[in-house]
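Sending over a structure as structure tokens; questions will come in a sec.
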């Protein structure tokens, strides 16, 4: 268990490559800090879903949020463009294999949860994926508020949201997305 | 909800003061990255407890781990010595009030979970506190492996562990602690 | 004396929390660098006061400027919002006690000077406080010139300046404040 | 041409992942800085080879040194462990395709030089690969002199050097390797 | 040879002072990363010249690009304003002497190439100087795209370009310059 | 006055080159932070001298400490080796001229104080120079406690201290130096 914890420490300092490639300073956001953001966003979304009558397994949501990027301590934080060259299938396979090795000396439901996330079958997996995108957009918004520019391509994701959720769940996620987009419009109208 | 998420983004970049005060470079560990580490450690511990027959509410564990440092986006990451001057009671009250304000426009069990954590009544709260200490020690170990020195005072915590757990839970946490201490001894024997 | 100097070294790397919380990179400004800025600003202001016929104890001004943030090596650089939760009285008491401990093995007028600064009775104490605010605003201006945004709340301080000085002293400080505000207006008109 | 230059600017800030994963601070070495180091090392080695009577195309050596990591502006700096999961063949193909796209709007011998480097057929390609390894080891040595630890695995490369050169070329590269290893032994004997 | 390589490693981390003095974060660009950028720019320019029928010694171009800033590991990266106070002649002499010492235990054409660069007699030296300016401007453009401001004075260089080249060479360099200036105008029209 | 303050802000972020050249991370110590350290050290030393019966003009001491590195905002923080190539006389002249320009639109005793410091005639100038050396050594000690290595050459200064003071003043400065050296010996005996 200790060797796994030591390996996962690496995510605390591993920069999210996307910021560096766009000229933002090193240290803008670590993979661990992003995972925290995904966990928090997913928890708040899950609680809203529950309040609106949707049944959500919050334990599963939080487990997936915490572990969904563990493979990066072996594979690194590959930029989006890398997927074009490796193919998304090869990337998925490599990350799945790396994840399996990271948790190989642990007992627990980690591999199953990771597979669930990769396949996006369960509501919980879809919710974490939505939180992954929304935390990214909130981070971009925060960076733009602090003066960063040149991040337009991240907002293109937001134009064709594909959360694949149903009913109340989809609506709640869309409401958060719309409030992020509104905050951005206001920022750039006043800026 | 968006305003809370924007405020919590601040934890992604807020340095843990302890490292800076001991001469380590800025960017060594953010509060968000530490919260991620606590969440991961708590999840792995909880799964070990469950495997040994202890009943644990993992959802509660992960919720507490994710939210236990949210007050720091308003109060900052105060060094240990600060508590000497403010008093631990005043610090607790200030952080509790700050936490309440951070979540004031959210519906959800956040204030109750925070209070539980602060009072350390439940097994889950104690487990997160143990994970808080153990993630710190694993981080110190990782820093020492990379050449950092002058961190001896962190190990003093480890000499008088006060996890306040029972039976299997106490034993599992102690085993992880002992394996960290063993790894450290080996590091310094070979170094 | 050496132990005090070692402890104060910590201020050279301790980030001013305000920048980090607003999304600026770590390393934007250390507490020591700010103290330098306050000392420089206070010296230039004091010399202008003297030239205009006001009698100023420059030694006292510079001593206070150098020592006014020493408590932060034990208490950390608390963000403004922290004061809301601790209360400004508790904060003052804690910092005063921390300061007293930092200088406890030194002989010299340090505690008296710190108390003078905290009470803002003397002209010199008021002048350093003015320099503390003005150095902050010049730093914000320099950051905005380099592209930083989202720092508007710092300028609110400047709208209701409360320097509590008299006659020529007040006028000289106000002139510097006005020239900072003018430079900012020009920046945003052209930017 | 400008779009290529803008894209390659990204390598100036992209951290070499190996350092971050081992707990060294962000900003330890960029991909561009490493490419500079490879170019310098390759030039000095080439000049030694020439002095010893080996015929070397220095233009080709320096071109390969400068361009051998260009694919990383699209694929990122993948850690060694990533190759285990993607397979070295898939990695090579992805990087070759990324390289081709980076230079697609340029006329010049870039694709041929990159292919030569990847296949390591020519003396020049082998020499750059040797410089790639040697610059890494000199960087590790410099970091260890500055106090970094935990970098032992990099030295394992040095134990089974496989430069694939002949005669004088092999000897000259081996001499540099041996002087690096000697400097490291001296460092750790005295340290 | 090893001692030279160790000394030149320093350029990998030495910040280009110009960015720091204008309020950009430490780590914006190292001297080594800039040398890489000059090498790449010079190579692409040289290949365009060759394609247009100009005869260029590319080996010489790349050698000069790699070595033109080596003196900085002893003299530092002096800001432009420093030249005003030392005089450009004294600066040149100091850098030439530092360069000679850096390469004093190497055999090779380094001193001659450096002298050629300093005198700007050959086409190759002029081409590297042009690449030095153009890489700077592309870096400024990239920083401005990421939100940096306050860098106008760098563009003044671009208004009175003095590349001192002839015919096709001058035209090709001017075309790149004009495309950079056009990209900047577009950035600020849309921004 | 504002333009001077804006220019001096640059010292808050300008790295002391010595650390970078020895492989320590960017952001280790700014020129402004060092000036703060010199001011603090000089103040504590001055108070000890006064307590031992030596008459010291503390205002002058603190003024010189704050302003002695202002020229660096135009000339940069030149490494020691730079002086070998420029000559210490040329360096002094350049820095004196740069200093004069920095303060050219200020009224006050700055140029005279700077000249006094450069000539080291007065007790106060000598005391600041001693504080300049001692703050450097305390910084090195703090860095070595945090794990930094490769800083031995800084300690050579300490072996042949040349403070040029008399009687009690010399003794008090020597006592601080000796306590620094003792702390370093203890560090390396235990480390």
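Just so it is clear, A, B, C, D, E and F label the chains in written order, and each chain counts residues from 1 on its own.
Note that a contact is a pair of C-beta atoms (placed from the backbone, for glycine too) under 8 Å apart; a residue touches a chain by one contact, two chains touch by 3 or more.
Because the structure is predicted, anything quoted here is derived from the model rather than measured.
Common neighbours of subunit A and subunit B, by the contact definition above: C, D. Taking each chain's centre as the mean of its C-alpha atoms, the one that lies farthest from the centre of subunit B is E. As a whole-number value, the distance joining the C-alpha centres of subunit C and subunit E reads 40 Å. With centres defined as mean CA coordinates, subunit F is found 22 Å away from subunit C.
One finds 48 Å separating the Cα centroids of subunit C and subunit D. For the pair subunit B and subunit C, the distance between C-alpha centroids works out to 33 Å. Residues of subunit D found to touch two or more other chains are 9, 13, 23, 25-28, 142, 147. Checking each pair of chains for touch leaves A-B, A-C, A-D, A-E, B-C, B-D, B-F, C-E, C-F, D-E, D-F, E-F.
The residues of subunit F lying in touch with subunit D in their complex are 22-26, 147-150.
Interface residues of subunit D, counted against subunit F in their complex, comprise 25, 27-28, 142-143, 145-147, 191. Those residues of subunit C that touch subunit F in the shared complex are 1-2, 4-6, 8-9, 11-13, 26-30, 32-37, 39-41, 43-44, 47-48, 51, 58-59, 62-63, 66-67, 106-109, 134-135, 138-139, 141-142, 176, 179-180, 183. Contact residues of subunit E toward subunit F in the complex are 9-10, 13-15, 17, 20-21, 23, 25-27, 73-79, 81-82, 84-86, 90, 93-95, 97-98.
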